[in-house]
Amino acid sequence: MIPLSWYLIFSTALFCVGLFGVLARKNAIGILMGVELMLNAVNLNLLAFWSYLYAAQMNGLVFVAIVFITASAEVAVGLALIISVYRCRRIVVADEMTELRG
Amino acid sequence: MLNDWLYIGIFAGISIFLPAAAITIAGILGPRKPDLLKNSIYECGIETVGTTWVQFKAQYYVYTLVFLIFDVETILLYPWAVAYHQMLLFGVIEGVIFILILLGGLLYTWRKGALEWV
Amino acid sequence: MNFLYDPVGFLAEWLRGLLSTWGIPDVWITFMLFLVGAGLLATGAMVLVVFLIWGERKVIGRVQDRFGPNRVGPWGIFQTFADLLKIFTKEYITPTGVDIVSYNLAPILAVASVLMVWAVIPFSITFYGTDFNAAVLYIMAVGSIGEVGVVMAGWGSNNKYAMLAAFRAVAQLISYEVPMVLSLVLPVMFAGSMSLVGIVQSQPVWNIFLAPLGAIVFLISSIAEVGRAPFDLTESESELVAGFNIEYSGLKFGMFYVADFLHAFTISLLFATFFLGGWQGPGAAQFPFLGFVYYVLKTGCVYFLTVLMRAALPRFRIDQMMDLNWKFLTPLSLVLVMLSALVYKILPKNMVFLQVIVMVVLNVLVYVVADWLLNYYEKRNPRPAVVNELRPMARFPYAVAQSSSVSKKAREG
Amino acid sequence: MAVIQIVFILVAVVTIISAGMVVSVRSMVHAALWLVLALLGVAALFALLQVRFFPVVQVLVYIGAIATLIIVAVMLTRQVMQDVGSQLNSNWWLAAFVSVTLFIGMVWALSNWPGMMTTTRAVPPGGEDIVAFGKALTDPAGFVIPFEVASVLLLGALIGAIFLATERKEKQG
């Protein structure tokens, strides 16, 4: 059988890959993709803990469902922001979005 | 144990294999004589102009957005529907409120004029 | 004798016994049985398409007052085999600048996404791939892989028209997924289960009597998912050259064609499962084979209906299609789910007749109110009327000359 | 080594590689398609946890809706980004350093935890109980508040995103 540690190490790796994407990508949509990878890693972690240790309770499942919903809300609003900025300024590169710089 | 996932995995493998095999066999049977003119892009009989990446309307984005919201709602709506028979009237009313809030979102989008194709 | 009652279960048991006498461990026997079963089912589905194409051409031919294929074999039944032979020996023309992986993966995904639905469909009481307890959502999920296939086809072809058509197709597919998901909440709710086996078993009374409007919404939106007439905007020759598959040739195009026909039959299967009671019928529980016959008959009727709709109805315009979805079907199915859930909960559990009558009345009421609302808003904001006179381009100079000559003739006559 | 372990390792390797392609490939459309593969891999790993509902939902929501939304957004904003030059900013080595350090640190922290090598599953063989999940969602002593708040969250996201995404013609004079 698969030990819990495999799932944990895998989701850590996926989280770190996503983190690299968030930190290193220039394109704002690329950054959002990195966030999606991180959220997936978190979800996998939650579901693994639920499945191995706490399957009698429903907390884990509800948490996973809420993470799904939050992720989709985040993507919807985030992409809408990017498109809105793109429409005004014609840029999608996060480094160049400097309107609010003091 | 994982029997149904095993079956679905096997079925997925076969349903990818069948069309792939058919396409490969046809590729072996058919002739292969490419030339420059034959391989050019077909666009109604005129030469292609510019890149393929023409700008799209934002309307596509809006439809996808509304779809995303209604698709995500299935995560909570389907478990609610499955548990329907074991639920008191209170639970059913909870689900109805859930749907009403989403209906409100749809009506807002409608009033905002975001559902018009033009 | 056992064989006649239940051929599939009998053969599976026989094969399992045979393999276990050879000393193969149980896990591998299961694996091999699954492999054989899935292989036979998927191949059967692909072979079925050959006959579907023939049947559809025959029916549409009759509708249009022709014979349809009638030369090759009796009633032209081997016509599709001849076509198959031809398409297998065609050349693949790969245009320059395509994205090789996306371009070649797209037709495979198109077929696979439809074929995978067959894994969970119960054909009779013992004859089903697997009893998967999230099957309804599985069907929707598999459909969404098809959307990715469409995007890959459009984007990989390096062609503006393919790209535009792919995005219109995606807009159509995702839009109609919403009322489809919502109308499927109703059978799931009545059955208290998401597995198709459970949904069929819960239907001594067919769901279509409990949710007629839901059934209609499901039928319309699933026809739109397939993308046949009247929703064939994805491959409208007159608007988008040919659709997202314009740059495909030979059997790669053929695979999109196969996927189209198979999808149309699959939605008929699903409609029969969700709303017409699947294999349920008199005596079906005792004789599984009889259940299979019932199921095929029901599916055939639904498929015949979709073919007739294809033959009879003109194509929607894209804005009309989107309006139909977002401004009619989606709110309607949301309201329907709410009201059905409330009313069905209040009704007494064991009085089936009362339940059916009340639910039918409820559905009719919902439809009448929706129709009244439509007419009301139609009257309040009348759509811009089509101008009755000839438009300038059509009038000058040909039409002017003609109309004046006609009027002259009329005066002379 | 059991067959299921080999399957896990294969799926995990494919997922990590495609996740790596998502964050490093130059063309954004390719990145989105790699994202689809990575999400599919995560769905397969969900399936190996003996659950039924969530792998399907993962495919339905993430691939069917979120990935499609991302692809549409990429297409909408594509004209300026012709995907030339490096798609990583100048501090990418710092980002790589942070990620690798975090990975090593987290694995080290996890390895000290005694529950790491649990192999027994608490989940029943038939998968999660969707009926119990649904009942818990509407149970007043359970998760009614998250259930309703989720719909309000979706409503808020819809309103906000529609407000941002629709063109305001009166302001573009």
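Lettered A, B, C and D in written order, each chain numbered from 1.
In the analysis below, a contact is a pair of C-beta atoms (placed from the backbone, for glycine too) under 8 Å apart; a residue touches a chain by one contact, two chains touch by 3 or more.
Everything numeric in this text was worked out from a predicted model, so none of it was measured.
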*Trace the shortest sequence of touching chains from subunit A to subunit C and report its length in steps.*
2
_Centre-most chain, if every chain is reduced to its averaged C-alpha atoms_ = B
*Could you let me know which interface, B-D or A-B, is made of more C-beta pairs in contact?*
B-D
*State, to the nearest whole Å, the distance from the C-alpha centre of subunit A to the C-alpha centre of subunit B.*
21
_Averaged-CA centre spacing for the pair subunit C and subunit B, given as whole angstrom_ = 14
*In whole angstrom, how far does the Cα centroid of subunit A sit from the Cα centroid of subunit D?*
6
_Of all residues in subunit C, the ones touching two or more other chains_ = 132-133, 137-138, 140, 167, 170, 174, 177, 192, 194
*Touching two or more other chains - residue numbers and ranges from subunit A*: 65, 68-69, 72-73, 75-76, 79-80, 83, 87
*Return the residues of subunit B touching two or more other chains; collapse runs of consecutive numbers into ranges.*
4, 53, 56, 58, 60-61, 64-69, 71-72, 74-76, 78, 81-84, 86-87, 92, 95, 102
*Identify every two-chain combination in which the chains touch.*
A-B, A-D, B-C, B-D, C-D
*Would you tell me which residues of subunit B are touching subunit C in their complex?*
3-4, 6-8, 10-12, 14-16, 18-20, 22-23, 25-27, 29-34, 36, 38-44, 48, 52-54, 56, 60, 63-64, 66-67, 70-71, 74, 77-78, 81-87, 89, 92-93, 95-96, 99-100, 102-103, 106-107, 110, 115-118
_Looking at the complex, which residues from subunit C come into contact with subunit B?_
30-31, 34-35, 37-39, 41-43, 46, 87-97, 104, 107-108, 111-112, 115-116, 118-120, 129-133, 136-138, 140, 158-161, 163-164, 167, 170-171, 174-175, 177-178, 181-182, 185, 188-189, 192-194, 241, 246-247, 250-252, 254-255, 258, 318-319, 322-323, 326-327, 330-331, 334-335, 337-338, 341-342, 345-346
*Please name which positions on subunit A make contact with subunit D in the complex.*
1-10, 12-14, 16-21, 23-27, 29-30, 32-34, 36-37, 40, 43-44, 47-48, 50-56, 58, 61-62, 64-66, 68-77, 79-84, 86-87, 90-93, 95
*asked:* Show me the residue ranges of subunit A that touch subunit B in the complex, using the header's touch definition.
replied: 65, 68-69, 72-73, 75-76, 79-80, 83, 87
_Residue ranges of subunit C in contact with subunit D within the complex_ = 102, 132-134, 137-138, 140-145, 147-148, 151-152, 155, 167, 170, 174, 177, 192, 194
